[in-house]
Each structure stands twice: as structure tokens, then as C-alpha cells.
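Order of writing sets the chain letters: A, B, C and D. Residues in each chain are counted from 1.
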């Protein structure tokens, strides 16, 4: 059912994104676009030791990509860098987005995590 | 009037169910569906006379060559060209790149003029040519009503203009550009026309339009994927040097030099897409039987209805002309607060296929001030019921997103 | 051993009658026939999930994209490449030209080395590049036994060699070249391999061969016309600039610049030949099920028999190695006093399809001192009976011409 | 029947071509190849007023193309230029070659006539 993908929680994160904006002081940032959509996410990270201290993002795109960024920003906070590095895209979708995503929206759902992984590589 | 029942029966894919719903295929500007006659021709080709062509003495080779050249004749007649002006390529994009690469050897300084409504395929080749050659790249604007701004276009064309690259119909806005007029007033520059969206819908007469190059894709007009057509005016085609080397384009090879074959072979390198060209011939015959005037009349009828219906949807912004005569039945839109991807995804849950995203026209997106659009595009097998389904589908999108 | 009965039944065209005779198709080096599985896949594609790919949110688009990328995986596995190293083009010729055009922007002075046994498609692009850039074009010779003259080849390769362009198997002689050895001893030059004739018959492992580019055509290995593959080693593909512009190869377009998509899309412009790529995936699966080792074993068996039989025909001159291990089952020959065209024509009257002419290898023809050859080339559906028919057919040719 | 194409007369002209060779003194010559085959014909013409005075040809190729050249050289002699100009390829095959030719050998059968027409254009 399509309504399960566009669940209350997804729409809420889409309309009221948590941690939206830029960090003035950050250790790394990264940006990418999802080529098929043109969805865009930029993520700013300030580390606290080996953990993610502060995280903010900006961007635009579909409900899935933006909600995924918002949800990611919530769960990533205080997480050790390693945890993000080893988090699989499939797990992120299943455990955190909690919706059924097929091939066509995979890129939307995982854009933010991809950007975050790339940002952490620059550390 | 088209016999809709008969036409729908010609397209086997329309029987497919999507999420248990009837398929409402409204992504025709991306690619059209194929009538059974075209699919059957492919099967016949491979089961009865598949062979490599032109250099064959055996029976299969003779049959394949004849059918291949028959298709070329069909295409030539379809746009009122000579046979030797029809070059088969793999898609419209290759055709436009062929024009750019061969012209690159002819032109030096000066400028190239195009428009902001171009598909990337008729924008990037010229942009890159200008970068390589340090030429000026000039981009004409559109008007507030989404038609081409001719005034701006003409102000950008001058004596130093080497190429005008213009689309016949915009794949986002649906706007029809007056190619004949631009050809008349455009001066001496080479005139390259992207007919990807016009060839499926409008009667094209290259002699009347008086252009140098005109490219389109078979797959958007009932033909198979993998075939494009590049029309090149004979005198231009004779003057220019070939693009890809090898195969039928060759007359004689020596260690230090090569002589080219005559037109149109000079521009066709390697084994052509024989089966698909033969099947494309069948697609053209199909269009001819339907009649391009009826195709256009149907398109106008749907456009009129669609414009009326879409106007009434609250929060829907349409990007394209509101006069039927200025456009074809391609409708790009956004719904306030909902991204085009989500629109397309929810419509799909109702069996309705539309496109979403930047539609390979990022410069236009930026000009429109959006990142993406949803696009519903119609063809002859789409009727009022399909339009109705779309309107209902859009209501559902809004319901899922809880907007009104 | 191959189950010939089963295999013959897979190819519907083998039921066709030519002049009332059973079709003996021996023009496989020009193009192969297609198994019903491949034809059926085309039908399935167009009847069930035809849509444009990659930028689609709707169900059909998702299905088409998945099948398309599945085919890429099949091809990658088939030659032991990475998926992003597999670029779909329209034919082998386009692949080789793509290599030449993109390398042309990288290299300046120096020389390019190729061989006298090349097909025009791997000869003319490099010859023309050398002419444009005033580089030296060097052509390695063959030995008296029709194998590549490696000594001559290595003497032509030096520090100033920018590209080595070599065929894996000659389409006239049938000779197999030792690509792995040349890659090892060829120095730093880019190594471009024409695998049009090897990919259908030999197991290819691009990592073992260690080449930079390798091109072949689907239509010669059970796939449809209109699809070619260009393998480009990842680091090379990343370094070079794209060839054709537009479509999936684009990431972002601005008025003054464009960013390219990642591999392999960077080199795929315009709507790909979706249906035929999907069907080519099926062809690869077919070959995989048969097993490339069995394909090769069958080829060797036929070669051994053919060499024995052809040797006994008075007035017949064979152009190609006489050792089975040096060759595949392509047999080019002339009969004294009879032109190859007449040979092919008379064989056709017996239902036997062979090629005649210069075989797109005019430099080789001149080297062999002939204007043309007749060529019989075998594939897995050809058996001893087909060879027998050929031998009997040649006797008839001689009878018609009243020579013995 | 294939034997009808390779009739005694065709084979004879192929093996014993009439007017084979070059003219030392000629008014025009022309050469062309038949691309699919690589067949090659060169024709030399010496005019006598408006008529073809002497004609010779050289070349190589299949029996059809060479026999056609030989037969053409016989019938062209003493023919007014105009007659060659207006001779259709189909007529040449039917009336003079007298064999059944399909598409695939059309180029072979008409190469010589094409070359002769081109030569006369240069006058």
C-alpha cells in the first residue's frame, strides 16, 4: 500500500525536518545529488572525539530523501564514526526509515547516508 | 477521429496490470509503447531473414538489405527527404552529436545559438564544442507564456553565428517552435533541429522547413529502441567529413588513406541496427495508416480537455502554453508542497505512469525556478478515460499528502 | 559434446528453405542467427515492461531498468570485468571509434601500431587519427602461415607508441592473436583490442589479458543487432573525457559547464538500446548454459574436419593457419579461375550462405594479393552435415564453371 | 536455375573478354569500383563524331561484371553517344546480358554501363 510508504512519520519528517540548516563550525561537510531525481543533500558534521557531535543538513527533494536525511540526523548524533561507516544501506532503510522501498526509490532513501559516509571519509 | 478501440488493441502492453490496476501509460515523451505489428516485424526478421546487409550475395542477405533500404525509403517519404539524406544512428542524441562533431571540423570562431528549453542532448554537445573551440555559447530565453522568445533569439543571432541548434518541440513545456520562420530569418548559420518530440506528433517536411540537420528517435514513435534518424541536407552531407569509421561507410582503404562511400552510407559505420530499422519501417507505415493529421487532431483534442481539467486543480502549477495551437499534449506540473517524485510514485500505485525529475532539461528547470516537475505525456492510444484517471490520481496524491 | 539436435531446434531460422533447399548458414562471422530465447525476450520486453530507464519512478520503468542492468552484470561476468567497466554502444565499430575519439584528446605526437589483418573498423579510426594529428601509423605484417608476425609487431612498438590496436581474431584468416603476450611485451601504450570475432568463440578474461579497451558486437554472438560492448579499464575510463553528450551520461548541466555521471553511464549517451541490451543478456545466458569450453571444443572439431576436406579440393587456396590451435572455424578461400562472388552465388543456389568480397579488410586483401575471398564461417549450430554440404557445393561451383 | 545465369555465353565473355585492354589514344576514360564486391572496371573511349569509335576496358571481378563489360564493349561500338545515355540499366540486363539478375547482382551487372555513362559525361 502506497500509504505505508508515505506514513505519518515520513511526512512529518519531510515537513518538519530535524537538524535542518548549516553548522557555522564544522569538521567536515559533503554534498551530493541523486542523479535520477536531482535531489540534493549537504551535511555538516562537528565531531566530539570519535563520535558525531553535531550534525545538520540542507537540501531539497522528495519526501523520502528529505525525511531520510532528517531521520539520519537524529540517529547519527552521538553515534561513533565506525557505526556510520559500517551501517548498510539496507539496514538503514529497514531499521530506521521503517518503510518498504524498492529499487526505484533506493537512491532517494539512501542519499543522506551516502553523503554522511562520504563526509566522514574526509576526516 | 481515431478508432480508439482498434488502436488500443494494437498495443499488447496495455493489457498489463500495474498494482492490480489498468496501465495508464502517460510517459510517451520518454518512450512510446509498440504496436503488435512492429513487434511482429522483429520476430519475422529474426525468424525468416536475419543476415548482415549490403555486402551479401546470399538470399538472406539480399532480403535483409532490401527490407533495410525499404525502411529508409519509408522514413525519407515520411519527412519529405531524399533517401540519401536519411542517416540511421542509434538515437536522436547520437544524431545531434554527429552533427556537432562533423561541424566542429568546419567552424572556428564565432558563436553558437541555442535555447533555454533544450533537452541536454541538444545543449551539451554545443556547449562542449564552444568550450573546446573558445566560441561563444548563446542561449535564447522563453516568454512568460512558455513559448520561445523569438525576439531574444534573433537578437542573439548575428553574422558570427555558425550554428543555430533548436528544438522543434520542448519535451517539458510541450511548446512548438516555428522552425520554418527561424530558418528564414536565421541567416547563414547551419541550422540543427531536434525533432525528438515533434516527429511523433507533427507532420514534418524538411524541404519546407529548410533546415540542414534534423534528428529524432524511433522509440518515441512506435519504433524499437536503438534507432535514430539524422536528416542531413544533401549538399551539407556531401561537403562534410564522416564521423565514425568502418563498415559500410568505406569505399576503399589503403595503408595511408581511405575513400568514403557515397551518401547516405558515408555516415553509417559498422553493422547497422538492421532488425530495428526494419521494424521502424513498420512503425512508420503504422503512423502513415493512422494519418499524421489524425494524430495531431487527437493530440489537440486531448490537450484541450487536459488544459481545462488541470486548471481546476488547486495547488497545481502547469509549465507550458495554455493555447492548444502552441503546444502538444505534454503536461509538466508541480503540486504545491509535494515533490514530483512522490507524485509519480503515488500515481504509479494507481497504475498511472508519468515521469518526474528534471526531464534532462536542467537549464530550463533553473529558468523555471524549480528542481523538478511531474510530466504526463499523451499519445494516440490515450483517451479521455486516461485523462480522467490522471485527474483522479492527482487527487489521491493530495490525499496521501493530506493537502488540498 | 554439444547436443546438436537440441541446439538446431533453438534457432527458428534454420527451418527456412532457400531455393527449396535446407538453409546451411555459414556466414556467422558476419552475423550469427538468434535462438528463440533471445527473440522471445524481445517480445516479452515490448509486451510486458517497455519503458525508458534510469530516471523512472513508475513500475514499468523500474522493471526495464532492472533488466537492463542485469544484462550489464551478465556481460561483465562473461568477460570478468567490473560492471562499471561495461559500456553499451551500438556495435563493435562504435566501441573502437569511441576509444579513438577519446584517446585523441589524450595523445599528441608519436605513433600508433596496428596490424595488416585488421578489419577496417580497427584500422581506419587509427589511420584517420594519425592523419589528423600527424602521427606515424605503423602496420605490423603477418607470417607466411597467416599468423601475426610478432617480431615485426614488436619491432614497430617503441617508446613513442601511444596506442596498440590489434584484433583478437582475424575475421578473414581466423588466426588467433596472443593478446596477453602483446599486453605484457607492448610497453606503456594504450592497448585496444577488437574482440568482434573472439568474443563469440573464446572465453575472454579481460583481467588476465590486461588490456585497456576491448570491443565486440552482440549480433555476432546470438544477440540482436544494434548492441555493442566496449570494455574500458576502470582507471582509464575515469581519466578520459566522455564521447557523446546527453542523456544518462550527465550529472548536472549549467549554462557554461556540465558535470559527468559516474561510470559506466559517463559514456552512454541518449536512450540506450534497452530492448536489445536486455535480449543480449539472454544471449549471454544462452552461451553460458552451452558453456564456452564446449563452444570452443565444437569449433576445434569442425576446424579439424574442414581443414582436412578443403585441402583435398583441387584449385582451392585457403587463406589461414593450418593448425587448429592457431585459429577458429573461419575459412576464407578462392577457387582458381572463379571469382568469390560467383562462388557465393552458386553456393546460395544450394541453400548455402557464405560471404564473398574483401570482408572489410582491404589492406589484408592487398597483402594476400587478391581482390576478394569467399568465406565460410561456422558456429555451434553447424555440424558435419553443413561442412559436407559446403564441400559438395564447391564441387557444384566448379561444375557450373566447368573447371576441375 | 543457377546454370541460366552462368550461361555458356557469359562464361565465354568472362574467360575471353572482347576489347580487353587500354587505348593509347582516347578521348575519355573513367573508372569505378562496385563497393560491395570490389569489382573494378576502367573504360577508354575514342569517339568518331557523335558515335563511339573505339572502346576498350580493363578490370577485374566476378563473371557477371566482367562479362557485362565485354558484352557492353561489343554493343557500344558505333553506337551514338545518346543511345548509351538513354539506355536503362534494366534494359541492358534484359536485352544484352539476357540473364535473370536480382538485386544482389544488379551492381555487378551494371558496373560497366555506369562507368561508360560517366566517361561520356566528361566529353
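Operating definition for what follows: a residue touches a chain if its C-beta (ideal position, glycine included) is under 8 Å from a C-beta of that chain, and two chains touch if they have at least 3 such contacts.
Small disclaimer: the values here were computed from a predicted structure and weren't measured.
Enquirer: Between A-C and A-B, name the chain pair that shares the greater number of C-beta pairs in contact.
Expert: Answer to which pair has more contacts is A-B.
Enquirer: Need the CA-centroid distance for the pair chain B / chain C, whole Å please.
Expert: 31
Enquirer: In angstrom, rounded to a whole number, how far apart do the mean CA points of chain A and chain C lie?
Expert: A distance of 46 Å separates the two centres.
Enquirer: Where the CA atoms of chain C average out and where those of chain D average out, how many Å apart are those spots?
Expert: The separation of the two C-alpha centroids amounts to 37 Å.
Enquirer: Any chance you could list the residues of chain B touching two or more other chains?
Expert: Answer for chain B, listing residues that touch two or more other chains: 55-58, 61, 252, 341, 345, 356-357, 362.
Enquirer: Considering chain D alone, which of its residues make contact with at least two other chains?
Expert: In chain D, residues 36, 104-105 touch at least two other chains, as defined above.
Enquirer: Once you draw an edge for every pair of touching chains, what topology comes out, line, ring, star, complete or other?
Expert: Graph shape, chains as nodes and touching pairs as edges: none of the named types, so other.
Enquirer: Let me make sure I understand the interfaces: which chain pairs count as touching?
Expert: Touching chain pairs, listed by label, are A-B, A-C, B-C, B-D, C-D.
Enquirer: Any idea which chain B residues touch chain D in the complex?
Expert: Listed in rising order, the residues are 54-58, 61-62, 65-66, 251-252, 261.
Enquirer: If you look only at chain D, which of its residues touch chain B in the complex?
Expert: Of all residues in chain D, those touching chain B are 33, 35-36, 102-105.
Enquirer: For the complex, give me every residue of chain C touching chain D.
Expert: 337-342, 345-346, 349, 356-358, 362, 365, 371-372, 400-402
Enquirer: Would you pull the chain D residues touching chain C in the complex into a rising list?
Expert: Listed in rising order, the residues of chain D that touch chain C are 1-3, 5-6, 11, 15, 36-40, 60-64, 104-105, 108.
Enquirer: Going by the contact rule at the top, pick out the chain B residues touching chain C in the complex.
Expert: Answer in residue numbers: 12-13, 16, 18-19, 23, 25, 27, 30-31, 33-34, 38-39, 42-43, 46-52, 55-61, 89-94, 96-97, 100-101, 119-125, 127-128, 131, 137, 139, 217, 219, 224-228, 244-247, 250, 252-258, 269-276, 341, 344-345, 347-348, 352-357, 360, 362-363, 366.
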